[in-house]
Amino acid sequence: MTTRVGIIGASGFTGAELLRLIAGHPDLELVVATGDSQAGTVVGDLYPSLAAAYPDLVFAANGPTLADDHQLDLVFCGLPHGTSQEIVPALLAPGRLVVDLGADFRLKDPGLYPTWYNAEHTAPHLLAESVYGLPELFRSELAGLGGTGLVATPGCYVTTATMALAPLLSAGLVEPSGIVVDAASGVSGAGRPPKPNTTFCAVDEDFTAYGLLSHRHTPEIEQNLTHVAGADVQVLFTPHLAPMNRGILATCYARPTSPVTTESLLDALHAAYDPEPFVVVRDTSPSTKATLGSNTVHVTAVADDRTGWVVAIAALDNLTKGASGGAIQAANVALGLSETAGLPAVALYP
Amino acid sequence: MTTRVGIIGASGFTGAELLRLIAGHPDLELVVATGDSQAGTVVGDLYPSLAAAYPDLVFAANGPTLADDHQLDLVFCGLPHGTSQEIVPALLAPGRLVVDLGADFRLKDPGLYPTWYNAEHTAPHLLAESVYGLPELFRSELAGLGGTGLVATPGCYVTTATMALAPLLSAGLVEPSGIVVDAASGVSGAGRPPKPNTTFCAVDEDFTAYGLLSHRHTPEIEQNLTHVAGADVQVLFTPHLAPMNRGILATCYARPTSPVTTESLLDALHAAYDPEPFVVVRDTSPSTKATLGSNTVHVTAVADDRTGWVVAIAALDNLTKGASGGAIQAANVALGLSETAGLPAVALYP
Amino acid sequence: MTTRVGIIGASGFTGAELLRLIAGHPDLELVVATGDSQAGTVVGDLYPSLAAAYPDLVFAANGPTLADDHQLDLVFCGLPHGTSQEIVPALLAPGRLVVDLGADFRLKDPGLYPTWYNAEHTAPHLLAESVYGLPELFRSELAGLGGTGLVATPGCYVTTATMALAPLLSAGLVEPSGIVVDAASGVSGAGRPPKPNTTFCAVDEDFTAYGLLSHRHTPEIEQNLTHVAGADVQVLFTPHLAPMNRGILATCYARPTSPVTTESLLDALHAAYDPEPFVVVRDTSPSTKATLGSNTVHVTAVADDRTGWVVAIAALDNLTKGASGGAIQAANVALGLSETAGLPAVALYP
Amino acid sequence: MTTRVGIIGASGFTGAELLRLIAGHPDLELVVATGDSQAGTVVGDLYPSLAAAYPDLVFAANGPTLADDHQLDLVFCGLPHGTSQEIVPALLAPGRLVVDLGADFRLKDPGLYPTWYNAEHTAPHLLAESVYGLPELFRSELAGLGGTGLVATPGCYVTTATMALAPLLSAGLVEPSGIVVDAASGVSGAGRPPKPNTTFCAVDEDFTAYGLLSHRHTPEIEQNLTHVAGADVQVLFTPHLAPMNRGILATCYARPTSPVTTESLLDALHAAYDPEPFVVVRDTSPSTKATLGSNTVHVTAVADDRTGWVVAIAALDNLTKGASGGAIQAANVALGLSETAGLPAVALYP
């Protein structure tokens, strides 16, 4: 029995990536995809990459009873922050899973929204009951949903930094304070609409930092790492823009709690990740390209005797594991499907 | 019952692409992958993109009885030209399908090998009995193999140009002489080994022509188009190198046999391709990116009243539909499997 | 004595390129740069690349007496087509040179504007008296201006195709009819403002054709080649977009008037271009990268005995030789300065 | 009176960049360029970008009396580490300036060579008398050479990190210990010869770290910063490879000595750099592209109240300011020429 799926906000890059992955998913059946600004457009005209699989699909307009009208079992929301919290409450219904790819339900502390998103949360009661959609940290909570309720999937930088650091903090190998996360992302993280700083001529052959001190993924990284560390974690996060379509690599710097070797760091990563279907522990630096189009994360860590720093590095595809693939993985778990269904573990290379 | 598969020459890009696709193929089971220069190397070390799917696979050395020892039902050969013709004859056996991705069995006329490949063919008897692995042109011949024999898959430029022009020649809409094929390819077509002209610093931000008048895909394009035209076709082919990993776009120029409209050209393309699972006819220019990582070809055509030229354009991924995906498609047909099994019709975007 | 220079429409890419080159020009002094949409913006904020050379320059607004107010000897106009013809007539004054980089004064036949630009020309009397700013074809006419009057510089594709084909047509080596110009350009040709088809994510890893049969540089190529051939030349022109910032390579196909060798084609190119300071004749394919940031054009040609085609190829930087560098070169000639003043002949590599 | 210049090891990228810049330098005359592996090759064949400026130049072989034979006033050495120290002692002569772009004379402490370069230094007496070729730190020492002696120019990452941090350490605003330098470089830093990890297909669409904990520019960054801080500085340095030709951006993390504001950090940068001809202080993140092909460095700094970190960022072109441009700047100072002669302050954009 297939799961009837709708996507709200499907015309952006995470929506297109959901459509790509759902086309190969054995248990999900796409029923409707909305895109208000593109309502009426043939999907294959906006995304010729999808034309062969969805020759007749047309973007629908959002509508208040859309999920009910289409008898949807699973709704993915890919809307700008602030918008999901207005729409999601009405979508929740018995027997339906709502997976929100936006930022609106990621932070558990309502007090963080005014600070980082400049607005009070309008549905704070859902923050506690929603489940954070990172199976590697919250698999049992996702499975416990039994196919009903709300999942909030992580930000793309957040998954990357969390995967690099969580096992080291969880094992007590590094200090929770003074952590630096220095990361670079491909341009697709900035979304589909044209902007002056994402034109080809602005980005190609350029490397630059942005969002200095103020990127909104910061408190979410801290929330995850605090969860696993059992102590308040504080992170300075600096994102950079690299001239590539996809991929995030996070290079993370932390202080060891006591002298530590590279071997013991790798042991901690292996202990955490060897059972995971979508994590590869490497003994050299990960590279974003090794994850292109896949749901796989690559991680490593090294200890520097000379300066006393620990460096942990993770790489993934920001649109797959970092967004839509991770969302499907979380949905698979929450729906009781095979966790790996429809998700490529191999990357496109070159 | 799964088909036991071996890849000879798996360490190159077409080999890696076969491994990527076979990892998601429901009916094929990879048993052995050889790579003489990489024998003993863990596949995931050379291609971290494959590490999650093949954690323990090691490149094997070639060996004369390798196919028999592993009881292989299907052997893909990805070897340099001149090498396949030495190895393939011994691989052929009842109940086994050999799919050669190299150039050695593509041209039916043995006399063309000295001209274009500078050497006599050493197994000319196989040229007649092998089937050319382009299902859109030779589907019934492939199906007729019944899972035994030799398939020679097309060159990447050849598939592109053939898909653009074949329906127009077949329908008698354009003249067989005076055709120009002007095409651009991503760099992966040049293979994995480092060369002075394929370093990042040589290629990035560059566009150049190469192989002027002498590219080896020329006679193969002519062979295909002659086959569908029923008359000798002659083509001037100019390949270019574009700064991208994958993708070929061929812009083809031909003279109409009589005054023709864009509509009638598109009608001919639709008539030929609407039944095809991997061809999309568009009314604007195809783009390589719409095919990235997929087995899909996009085509269009226009007629210019002013100058009397017909322009036909096709785009595909040179490693997928242009090589390894096309080879699996041909193998699927030859083995009686679903033609689309294991082959993505959607592309990675962006 | 320096020449006082103003740029009208300086906030686009050709304007920025003029500012880059003027910063190193020994005889030109920039006095004012307008950019209506950017009026009041510090130049170095919009273009940090120019910050070191123009720390205090601010984009001015256009104004009807701006050229007079600033006592400008030389005005470059980089405005959208249709706009220059409204502004240029008032700029012309004794002792002042106006160099228009737009399309409004390139075509000599007023009848072509409605066909290709969808509007009647509003200052047709200037079409006859303006000089076409391609020194390799119109050096004496430019010099004859004596520093006063109007120069219309060529379109970027036009310079490329003209440089490839002009000597062959001029020498009567190829037929004037049936010519195909197949060219690829970097993205900067589309200008600075963000558009859906010029975002990084749309262009990177993509190669596509556009403007099929209808690109506005077509009649201009024909005008130039007709001028040198002494017979009506007709061209089918197909532009492509390549994933790079700068550069155009044009691959041109023509029929020889009588059997011809590659040697005789190269002889014709050498005869035409060896005296030229900014043209390099090569015996292999030019590459765009060899011209990056320089005012140099690279050209070659080959003859194909087998198919009877002649292929001529040229490459240049669309913003330098193809626009602002070519404009300065023409101004240098028209002003009686050294033709090469301020213009790099070497390219940035890699 | 022009300075007679020779380049030893001119066939690599820093050699080609020297040739590019010298072509536009009013006071330098290139006399000879050697490239042992390319001896006899026409420069314009290896680097078509230089063909127009050096139509007849041929790479010479190195030779023991080459500098004397050509009566060279200035010799640039661009040789692999270990090689310069064998050749430079014989090049030094009264009235001749030798500028070494390699690593052999950068570190003042001979004891660091075995640790970081795996070999004892063979000319340690020259370490003390050579001048470190970074005019922003050692302008008076360079001027004091009076055109004779040895200059060792900095590593590309070293200049970047030094320019970001030196004024902050010099002013006592940040602690000398616990500094992290996280930097990304374009691929040209890896040199011209093809390598498996610098092919287009390996690098394009990839971002990765390399040289973890062990990059040889580490002790050189520490040497410079210790010099300005007056206290031992220790740095953890992590380089990354970005898919672009040129450019380095260094994001540096340090602890303030006492609470500090972004304003006071920017004040320190302005105080140090406003008199400098090649440094631009910005209040947003620098970008590598704003420096492409220029000798200009862009820097900024911010203070984070929340986490107590200072972030300082610098960007430059690794081949220009980071290598050959910086070398010419140092030579200009050492020779008593205008410091800015022949060096573009504006960058190529886009």
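Should a chain be cited, it is by its letter among A, B, C and D, assigned in written order, with residues numbered from 1 in that chain.
Keep in mind that, in the parts below, a contact is a pair of C-beta atoms (placed from the backbone, for glycine too) under 8 Å apart; a residue touches a chain by one contact, two chains touch by 3 or more.
Just so it is clear, the structure is predicted and the values come from calculations on it, not from any experiment.
Trainee: Measuring between Cα centroids, which chain is at the maximum distance from subunit B?
Mentor: Greatest centre separation from subunit B goes to chain D.
Trainee: Where are there more C-beta contacts: A-B or A-C?
Mentor: If we tally the C-beta pairs in contact for A-B and A-C, the bigger total goes to A-B.
Trainee: Based only on mean CA positions, could you tell me how far subunit A sits from subunit D in angstrom?
Mentor: It comes to 39 Å between the two C-alpha centres.
Trainee: For subunit A and subunit B, what's the span in angstrom between their mean Cα positions?
Mentor: 36
Trainee: Using mean C-alpha positions as chain centres, tell me how far subunit A is from subunit C in Å, no decimals.
Mentor: Distance between chain centres, rounded to whole Å: 46 Å.
Trainee: Give the residues of subunit D touching no fewer than two other chains, as numbers and ranges.
Mentor: Residue numbers touching two or more other chains: 13, 188, 201-202, 204-205, 243-246, 286-287, 289, 292, 350.
Trainee: Show which residues of subunit D lie in contact with subunit A when the two form their complex.
Mentor: 178, 180, 182, 184, 186, 201-202, 204-210, 212-213, 234-236, 238, 240, 242-247, 249, 251, 253, 284-289, 292, 302, 304, 306-307, 309, 311, 313, 315, 350
Trainee: Show me the residue ranges of subunit B that touch subunit A in the complex, using the header's touch definition.
Mentor: Residues 13, 16, 19-20, 23-24, 44, 47-53, 188, 205, 245-246, 277-278, 280, 282, 286-287, 289-294, 296, 298, 344-350 of subunit B touch subunit A in their complex.
Trainee: In their complex, what parts of subunit B are in touch with subunit D?
Mentor: 13, 187-188, 192, 194-196, 198-205, 243-245
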